[in-house]
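Heads up: the structure comes next, in structure tokens.
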Amino acid sequence: MGLIRYLMRRIVERLALLFAILVFNFFIFQVLPTIYGINPAQLYVPLTYKGLPRSELVQALDRQFGLNLPLDERFFIYIKSLLTLHLGISMSYEQPVITLIAQRLPVTALLVIPSLILSSILAIVFGLYSISRQGKIGDSVISFTAIMTYFIPAFWLGEIVLYFFGFYLRIFPTNLGEAITTYNGHLLTGFAYWANLMKFLTLPILFITIISYGVRNILFRNNGIELMGSNFVNYLRARGISERKILYKHVTRNAVIPVVTRVGIDLAFLFAGVVFIEDIFNIPGLGRLLVRGAENLDVPLLGGDFYVISLFAVIILLALDLIYPLIDPRVKYE
Amino acid sequence: MNKLLRDLMSRKTFIFSVVVIGFFAVLAVAAPFLTPYNNPYRVGQQFVAAPYAVPAWATVFPQYKNLPPDVRITLTPSLAYESSGEVSQLNSSTLKVTVPPGDTVNVTFPLRWNWSSPYDVRLSFTLVTPNTQYFQVNLFVRDFYLMSLSPLPIPPEVTVVPGKPNPVIFSTELVNPGNSPYVASLPVQDQSLASLELPKMLLPKPGTYNVTLSFVNTGKTTEMFLVTLPGYSSLGYAYGRLGTDDNGASVFSEFVYGARFDLYLSLVASAIIIGIGLIIGLLAGYVGGFTDLTLNAFTDFFLLIPGLPLLIVLISIFDITGTIVNVNKAVLILLIISLLSWPGTAKIIRGQTLTLRNRTFVEAARALGESRMRILFKHIVPNLMGILFAQLAYDVPGVILAESGLDFLGLGITEFPTWGNMLGYATNNVSFVNGFAWWWVLPPGLGIVFISVAFYYFGTAMLDVLSPYKLRGE
Amino acid sequence: MIEGKDLRVYFKTRDVEVRALDGVSVAVKEKEIVGVVGESGSGKTTLGRTLLNLQRPVGGEVLWNGKNVFKLRGREEREFRRRNQIIYQNPYEAIDIRLKVYDVIAEGIRVHRLASNKEEEKEMVMNALRDVGLNPEEEYAYSLPNQLSGGQLQRVAIARALVLNPTFIVADEPVSMLDMSVRAGILEIFQRQREEKGTEILMITHDISTLGYIADRIYVMYQGKVIEHGSADALLEKPLHPYTQALITAVPIPDPSERAKLFSVKIKEKEEEYNGKGCKYYPRCPFAMQSCREKEPELKGVSSDHYVACYLY
């Protein structure tokens, strides 16, 4: 009973959020230009396209998408098109936005998921070390490094890393195209393709790992240290359970909960978080698509990409709401 | 108050943060006194040295050892002329050269050069020629016949007006086959490279090189020339505290003005964030009920919209409609970042307000007869001080990083230096060809990291010291 | 004179409704110290908070000198707040430890504008400190709460209340957090206050022995109800309700052989499940009868100063 009520409430909440995002999209891409007296069609039209004059293009678009209709009618059309994933056609790529997104989504996923796993493991391993040597030099060094990595501008360190490992030491390929093709330009196949692809992705993955590691490490460490001083742990000690077992079994299990939350949130904003890395390492993922859209003022692309990123975040957050009580016994399905 | 200070001073991390923040604050405030270039991205303030000049102090390292600084000196003739009657000193800065008919007088100015080749070579002097058509003045450096000045306009000769003072400037940057006999003598394909190659040929390595002015009188009467002591100047490959960027602009100036802007922007933005966060968080947490529900949903919505993509979208949209919006880009970025960053702060303040509101001492205050407003401002807000200071400090790095990210992507400020666009320009120029201009790439990045860590530690210290109830925010 | 009539306070959690007060009537008459005793969760703290309008009841009213306190507004409300004070169990929680002791005490003076100038305010604060036995008062006035011991801080909390010259004080377990050695000193302050100023006091405690020293009348609460009340002497000497008897038996007595002389209480071996309609105590009551399971007993007078809600009488 409680479970179903909880599920329903969460779903309703997240749907409301999704609706809010739709409205927000409509506001940015339709209402805002109208306020400033710009025909939204003008945003969608490049200066010239296939030699046709701009005004003709605008009129054609107006007719096709009903952009000159009153706002309330447009609202329903807009919502409907977003819900059915009719995101329009990118001006700069001359392809449907949804196709572009579908192509790029796996690339970004390939980049983010391995680093998500890797950095969580690192965070916990180093966190355990920190907790067991609390206040000693090792702990201080690890904590300071973690805080540093949190504040290092990703784009900056990325370029430096790319320069040294890619250009200077030439350990990793720096260009995706070169990495997955043979010398005479044919696409590699089979194992060689995947091997080279992973070799190319190693550097960005390592890099995302490093910059996302800090927060999780600090969360885990601080939680662990707090737990180590708690009565719960004192009680375990009093029962004669060894420090090692307390740390690895009881403390880890509890301290890992905020890390899981954090990973979930990171996952939700996965596509948003790697914009810089994709830009630097020249990886054709969703983030780069967004930057391209911004550079070319490609409004359909911007709108579609932004919508899909938000949609993904909402879905993941909902999933997280549902599995969270399984991880943390203290949270009940209210 | 003293106890507070003692508490703070006993923390190493707090002292670290104060030192770092203080350092950057001094840089930011004293920027106009530290550097004459207030916007090195403006063309007029570029080429203060060669592009990619290393910092002056870097010459202590062996690989930069012989790099020349900017040099600007007035050359003096070699001592041998003092006794001769043909060349005499008119005043401290002017020489009088008397040339008999059909004769040539050479005046040599030794140039003591202690470094490897400079970026360019410039020589300038003022020449008063006799009022005839029958003369020529030639400029040599070592054996290179760089310039020929004559009253007759036959390229590669350069025209001078007889009987008048003529300002003469030679610059390796400006040479072409039409104004330099040496360049004209080169094979055609090499002529365009002369600007780049000349400095290396004129001043190849440390040593003393002769700059020679040769006065030729082809007339039938003795003629007199006046010439000022030539000024030598060249842009060097070692410059200032932090060298130069690809445009030869001072990186130190960029860094200092970048710090000034970044600190200013982030503090203002943080203040706005705290302002919005405090109002919404307090309202939600203290009033509770339906107000809380509404505000909380509102906050959640903003919290869950992916920030960076929205930032990119908004900036682009504003760019398109910008002709009408017509606000300063910096202001726009400031507002957008602030308006997108408050939800986290609001949530934390709401949470703390909630826990404070339910504490016994708040009920005790009510039992004493205090009004809701008085409780809010006497008991709730003061107890939030730690959180507020901490949030203020935690928001600063966030704002700096967000702004830098936009600048880096080229969507933000491009007209004047910020740490973000410095990083963007610097890293765009990191390539195999240009090498790694560490003096340009590292300072803004390290600046961001250090100031962020410093503000983080500052915030943490404030939180610990100012929160008697050990409230914890993330 | 403050009087609560048929007070009902229900707290709703996710799936259960807890009846913290379920039709409780109490009265504190002039110059009286009234004790409320009960185990934790019996609603005694809620009772205190409701009497002072810190908790709104769903039913019932509190009359202060004949006026319903929930309807007081403006000047009358301020006057009510001033004249009716509360002392909490944990002084560290009840005092904004950011403030100096002086400001803690002066807070009420400032709110009610009792002092016309700084000197007067200072004098009032210092007098209050002296009254609660914090000497030298200058030294205490300018120290921070976390520099004081629990007992000292509780005295500060009392001073904060007394400085307003209250006519009624709710003392919610004022000594239960404190060391045995300082308890008597704190209780003495209340006694003296009653004797010198005639202040009415509602003393909430779970320790019935404390009340023996100080209370004139005692209410015994169990699960949101008053199950027995009467004059302290009558109630302590001849407890009627099985629960009250159990409470008194539980008091440690220096000489255990004495205990048997008082009375003996049978303990029920196994608790029953509550059926939702009978006497709240029957699941634990060794004397439970069929009637106890069917309907809750009403308070009945067994003498002029002794009432009990139990079918045994």
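A, B and C label the chains in the order they appear, each numbered from 1.
The rule is simple: a contact is a pair of C-beta atoms (placed from the backbone, for glycine too) under 8 Å apart; a residue touches a chain by one contact, two chains touch by 3 or more.
Worth saying up front: this structure is predicted, and the values here are computed from it rather than measured.
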Q. If you count the C-beta pairs in contact for each pair of chains, which pair comes out on top?
A. A-B
Q) Measuring from the mean of all protein Cα atoms shown, which chain centre lies nearest? A) A
Q. Hey, how far is the Cα centre of chain B from the one of chain C, in Å?
A. 71
Q. Using mean CA coordinates as chain centres, what's the chain A-chain C distance in Å?
A. 57
(Q) Roughly how far is chain A from chain B, centre to centre by C-alpha average, rounded to an integer in Å? (A) 34
Q) In their complex, what parts of chain B are in touch with chain A? A) 297, 300-301, 304-310, 312-317, 319-321, 324-325, 397, 401, 404-405, 408-411, 423-424, 427, 430-432, 436, 441, 444-445, 448-449, 452-453, 456
Q) Inside the complex, what are the residues of chain A that reach chain B? A) 16-17, 20-21, 24, 28-29, 32-33, 36-38, 43, 147-148, 151-153, 155-157, 159-160, 163, 167-168, 268-269, 271-273, 275-276, 279-280, 290-291, 293-295, 297, 299, 302-303, 305-306, 309-310, 313-314, 317
Q. Considering the complex alone, what residue numbers of chain C touch chain B?
A. 49, 52, 54, 77-78, 81-82, 84-86, 88, 90, 93-98, 107-108, 111-112, 146, 157, 160, 164
Q.
Show me the residue ranges of chain B that touch chain C in the complex, using the header's touch definition.
A. 359-361, 363-370, 374, 378-379, 382-383, 468-469
